[in-house]
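One structure is given here, and the rest of the page talks about it.
Note that the chains are named A, B, C and D in the order they appear, and that numbering of residues resets to 1 at the start of each chain.
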Amino acid sequence: MTKIALNLITGRTIQQGVAMEGGKEKDAYTKACGIIELDLSDLKKLGAWRNTNVRVTSPYGSIVVKAVEATQGPHPGLAYIPMGPWANSVTDPNTYSTGMPTFKGVPIEVEVAMNEKVLGSIELVQKKCRGEV
Amino acid sequence: MTKIVPDVICPFCGTLCDDLEVEVSDDGKTIVDIYNACAIGAEKFMHAQAKDRVTRPRMQQPDGTYKEVSYDEAVEYTAQMLANSKKPLMYGWSSTSCEAQSVGHEIAEQVGAIVDNTATVCHGSTLIAVQDVGIPSCTLGEIKNRADRIIFWGCNPTHAHPRHQSRYSIFPRGFFTNKGHKSRKVIVVDPRKTDTAKMADIHYQVEQGRDFELLSAFRVAVRNEELPDTVAGIPKEEIYKGAELMKSGRFGIIFFGMGVTQSLSKNHNIDNAISLTKDLNEYTKFSIMAMRGHYNVTGSGQVLGWQFGFPYCVDLSRGFARYNPGETSSNDLLRRGEVDSIFVLGSDPGAHFPISSVKKIAELPSVCIDPHITPTSEISKLHVPVAFVGIEVGGSCYRMDNVPIDARKVIDPPEGVLTDEEFLSRVNKRVSELMEAK
Amino acid sequence: METVTVTMKNQPTLFLEADNISPDVFAGKKSSEIAELHAFEGREQTTLGKYFEVSGNAGPSAADTRIVVKGDVTRVKYIGMKMSAGEIVVENSADMYTGAWMQGGTILVKGNVDAFTGIGMKGGNLIVEGNAGNYLGAAYRGDWRGMQGGTIRVKGNAGSDTGYFMNGGEIIIEGDVDVHVGTHAEGGRIIIKGNGKSKIGGQMVKGEIVVFGTIDVMMPGFKYVEDVEMEVDGTEGTFALYHGDLGERHPKKKGQIIYGNLYQKI
Amino acid sequence: MSEYLIKNGFVYDPVLGINGDKTDIAVKDGKIVKDSELSSKAKTIDATGKTVMAGGVDVHAHVAGPKVNVGRNYRPEDKLFVGTAKSGMKRMEGGFSVPTVFRTGYNYARMGYGFVMEAAMPPLYARHVHEEIRDTPIIDQAALPVFGNNWFVMEYLKNGEVENTAAYIAWLLRMTRGFGIKNVNPGGTEAWGWGLNCPTVNDPVPYFDITPAEIIRGLIEANEYLGLPHCMHVHGNSLGEPGNFSITLDTLKQAEGFKPKGSFGRDQVLHHTHLQFHSYGGESYASKSFESKSREIMDYINSVDNITFDMGCVTLDETTTMTADGPFEHHLTELNHLKWANVDVELETAAGIVPYVYSPKTFIAGAQWAIGLELALYAKDLMKAFVSTDHPNAGPFIRYPRVIKWLMSRKARDNVLDNILKYGEKVRERCFIGEIDRELSLYEIAMMTRAGPAKALGLAHMFGSLKEGMDADVVVYPFNPEKDDDPEKIETAFSNCSYLVKSGQLIINDGEIISTGRKRTLWVDAKVNENAQVMRDVEQKFLKYYSVNLGNYEVLGEHFLPNPYIIEVDATQ
């Protein structure tokens, strides 16, 4: 099973903004934010097709999202998950005593997770809090 | 017949566009259409209309499901929770009016709470930097009228502040900039070739996490000192070229965002960017501005400022106001287990805090005040739906350049739904009674 | 010198603010009076006696008062805050703000300390046998007057932002440090006997930083000047001297520009 | 509403000519009345052995608005260890040089003040100013919008269109709920939009091609055309520069030939604020060159009858400077390297903020301290000279009682020169302070802190005296003019009054704040004839150059001015 190591950044996208205002309990939000944008070269390294589910793991957690081709690339070695509960399942909580977690620049490993499901935001957060995922 | 409400303020981002026109049915009950708004703003107005909108408070049951309760019960639970805590955290405040924030602060003062707003995960590092080195800035109209050098550093307005470039920065024709885009040079610094970067004259694809080094390099270049061959993945020739472009303008502006506030070095990135701006004022006129996120996070910082003296992370537990991000900041408080209950208004930490902090929230007595269903509302003990500020109730809001604009009421909230201010006032009254009794 | 021993007996449910654990406050008080001194847990104002067993009486002045803190005080903040004389020994680990705004005397912590230890320090001696957190010997938010004087020695590692806005005094880290050392420094001396990371000496105006180990990325504003032989904290050696931060303003003295000095052991 | 009889105090009221005589003051329904009008329900306040005055009036302080709040938010260190807890209806207090709104209101009340003028309101930020004023307890307030770098004003005045200027000013006062005309570094702040300045009154403003002198005269003319309560309130060019006294004289001379119009009883057409910063000689700040020019300045002011000023007295504290004089603050940060905040405001103005330490260890701080006091001590008519520290620029307003002490006591001044200043001797050499024996009386202090500023602001019908029919702002200070001779007693007494009655309500009782009163926001509604051209220009500029819609510019609604007090002016004739 190939695993590739990447540097993760998270942030806004217009789709994330629209879907968030449309309702975080809706599927559109999962479609907009339950993804990871990968550079084409990294998709190749991973040996994954576009739009396959992958498991993203960092020292701080793990999450299943859908791998898509980066729209604002090229950025080989860099991965992007729109801000939201999926991204924050793996972001670095270290604030360096500034109050600000490290949402950008998180070391992650990505592997194909064909048969695993991308959870909706509500279910995801509730299960994480109950320790079920 | 429908009617048009003009000069409507958009309650989404810190750009705080105030030129929206909203078409409402003549009974004034429903929004028919929105003009001039970006896709996100339009969606926010439309979602207020959603048929499945929650209109009554809901209490979490032992099995995790939610049961509808009355606003009276919601007020009682909230007041009891706050009055019985040793150190409650009152977080959010960025998606509500300054008037509601003021009432919240009265509650916080009574119960010795910590008041923190969404800057804590957004531009908090900027606020720290400003406290260390100040900030030479200006209003957005100054940029429209004068700026011929526009720098976007670690921000992507095309996605996060969709109308920013057309209203204020890249495109508008102003008094001294009547050629609009043609009279400006645009630099973008970002580790990705973002849609904003695609519009730039120069794009510096900085090595992620090395903004501090690159900013220092620009300061070295501005002073015509020696540089190593490459800094943060950028050849020194490119850096000298950029420095010259900045110095050669008549009026320059640096806009910056999460790319620098949330990456390694955090406040130091902003600190160095501000210092670069200050340096450039030895050669020409230069300003710098934070691309603030929530439409009234700036207002929260202002009201906290004039009432307590600090823009966020305000600790009232000792009876007077104290401040120190790293200690009195939401994520550090949750991480360290320093608070014993959490009250959230107008924000969604459930979606936007690291999961380790979210787990702590789920363990604590918690109240979430929000018109939407959110991950936060669905892990809180109590969810209280309220009217949308800027759509169903007005109030004072502050734009990213600190310009105050009065948000408008466009339509009525659903039958019986309280506004933030109404709910908070009732909690405040109840808290006073409970604290008297103690 | 009289010794007062305070031993943790009831842990706070949250965190305890014990800025009254200081020779200056204890001076001239009997153990019973000391137990009555205020302590704060959240908004509740209680007494030290609620959490600590207090034995022994203080000396007539801070200078002849020694405080021994026993038990688990990892949830106790502000031990030794603003102390001007005397001695504090913490047997285990302490939390934030240990020795904050300290002016004199000695604090010895046998375990670790958390963030903001020795911030705004003006004088005295602060020794940590374990590790220190972030913002060690740094300035309080917004203040351009960071550590002014005194000595901080950490036998283990230190976090980020060591000596932020440092103006004077000395900080010695015998282990490694995290990012940002001596940022905005305008005086004083920081010695790192282990390894540094990156962002060392950024925006430095004046002062000295000595690194014995590695620096993974050197700031672009630091220019190699020469190799120098010197003795640093008991170790003789050859050090490469860099001047910086070239991007920052620098004062002039007799026509000579004064830079920050960064030494790295060769 | 309650009634009070303030009995048996030593009363000082220059308007009534009462100079320390024991007189009773009667208060009913918010006004000063004859004793005979009191009912049996009237409460008695025993002022025996104490000093009684009308509530204080502050003509110039930066206490509310955007730059004040930058000063708060970017200086956490200004709040370290100075917070005080909430108690009863009193909110938490914080901040030293830039206090929170609550501490601002309480401290003015403790000093016996009833009215404070916010000295510089950027029109685009008017809402912010009013929100802070609303939250500042007890004291009545108003705010002066800044006009000296406003594009409309410069364009109209360049063409000599005084009537249009006046119409625009009237419109803007209404939009911003403003009180009068503030004029900061005329032209220089617009030049700062390009990083430039107008150092003298004759340097043309880039692009707009009008001189500061023309702006000053034009604004005086427009002010008198409207007949506003207050006059054109100017902060001249080249504030803080060695040798600037000649520029200041040029500024003052712009008032020549103008007479006050309107029905508010003021005598002046020009008020020069924080004059201390504008009375410097020499070429540098070094003691071998820098010198006081207070005498030259006061010789001129004493020779005319249409100018007033406030001191801007340096108090030798660490403080936070803030002004709409953008280029000055940039200059200051280059000198002291402390954190610099700046805000340029589209079409209107700018502001800068920099912390500053007036260290008694430096010659210059001592000289500045001396010059401020000299100006007042050289004044012939103290109805023209007002106490101020240009709060917080020269020092925090809580130092007024200390300034009063220095004005009233040569002994206190000598103590500063001999024991507090490191270069006291140099200060004696380069300034006049050492030669001045004058010690002001309580009667004169009442002129400088009440009667004078109230008259200059056009508010003599409300404040500044204990005359029947006036607003009942009465303060009782624990100071016995017959017994107390220790200067320190002056400072403590004027810092903490025993009683304060504000608009007829008892606010401070026996030194304790017991009520937050019912503060008012004063603003001036000037009626002018319809002016189509000005309205067209306004619409055009908002369409093309402002970043907000015209429809969102006016300060409307109770949430900004819950308790407004409107002064109407009819300029239609």
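Throughout what follows, a residue touches a chain if its C-beta (ideal position, glycine included) is under 8 Å from a C-beta of that chain, and two chains touch if they have at least 3 such contacts.
If you're wondering where the values come from, they're calculated on a predicted model, not measured in any experiment.
Using the contact threshold fixed earlier, the set of chains in contact with both subunit A and subunit B is C. Compared with subunit A, the chain whose C-alpha mean position is the greatest distance off is D. Think of the whole protein's Cα atoms as having one middle point; the chain whose own Cα middle lies nearest to it is B. When the C-beta pairs in contact are tallied for B-C and for B-D, the bigger tally goes to B-D. One simple way to say how far apart two chains are is to compare their mean CA positions; for subunit B and subunit D this gives 35 Å. For the pair subunit A and subunit C, the distance between C-alpha centroids works out to 39 Å. Computed centre separation for the pair subunit C/subunit D is 44 angstrom, with centres defined by C-alpha atoms. Annotation for subunit A: residues touching 2 or more other chains are 96-97. Counting partners per residue, subunit B has 128, 131-132, 264, 318-319, 323-327 as the residues that reach two or more other chains. Contact of a single residue of subunit D with at least two other chains is seen at positions 74-76, 78, 338-339.
Arrangement of the chains shown, judged by which pairs touch: an irregular graph that fits none of the line, ring, star or complete shapes. The chain pairs satisfying the stated touch condition come to A-B, A-C, B-C, B-D, C-D. Every residue of subunit C that touches subunit B in the complex is listed here, in rising order: 13-15, 17, 40-44, 96, 115-116, 134-135, 140-142, 144, 165, 179-180, 183-184, 198-199, 202-203, 217-221, 223, 245-248. Of all residues in subunit C, only 115-116, 133-135, 159-161, 178-179 touch subunit A in the complex they form. Contacts from subunit D toward subunit B in the complex involve residues 64, 66, 68-69, 72-76, 78-79, 83-86, 91-95, 98, 100-102, 124-125, 127-128, 131-132, 135, 192-195, 207, 330, 333, 338-347, 350, 353-354, 544-549, 551-552, 556-557, 559-560.
Only residues 96-97 of subunit A touch subunit C when the two sit together in their complex. Residues of subunit B touching subunit A in their complex: 12, 39-40, 43-44, 46-47, 50, 64, 120-121, 124-125, 128, 156, 158-160, 162, 191-195, 197, 205, 208-209, 258-259, 261-264, 266-267, 313, 325-332, 335, 348, 350-359, 362, 372-375, 378-379.
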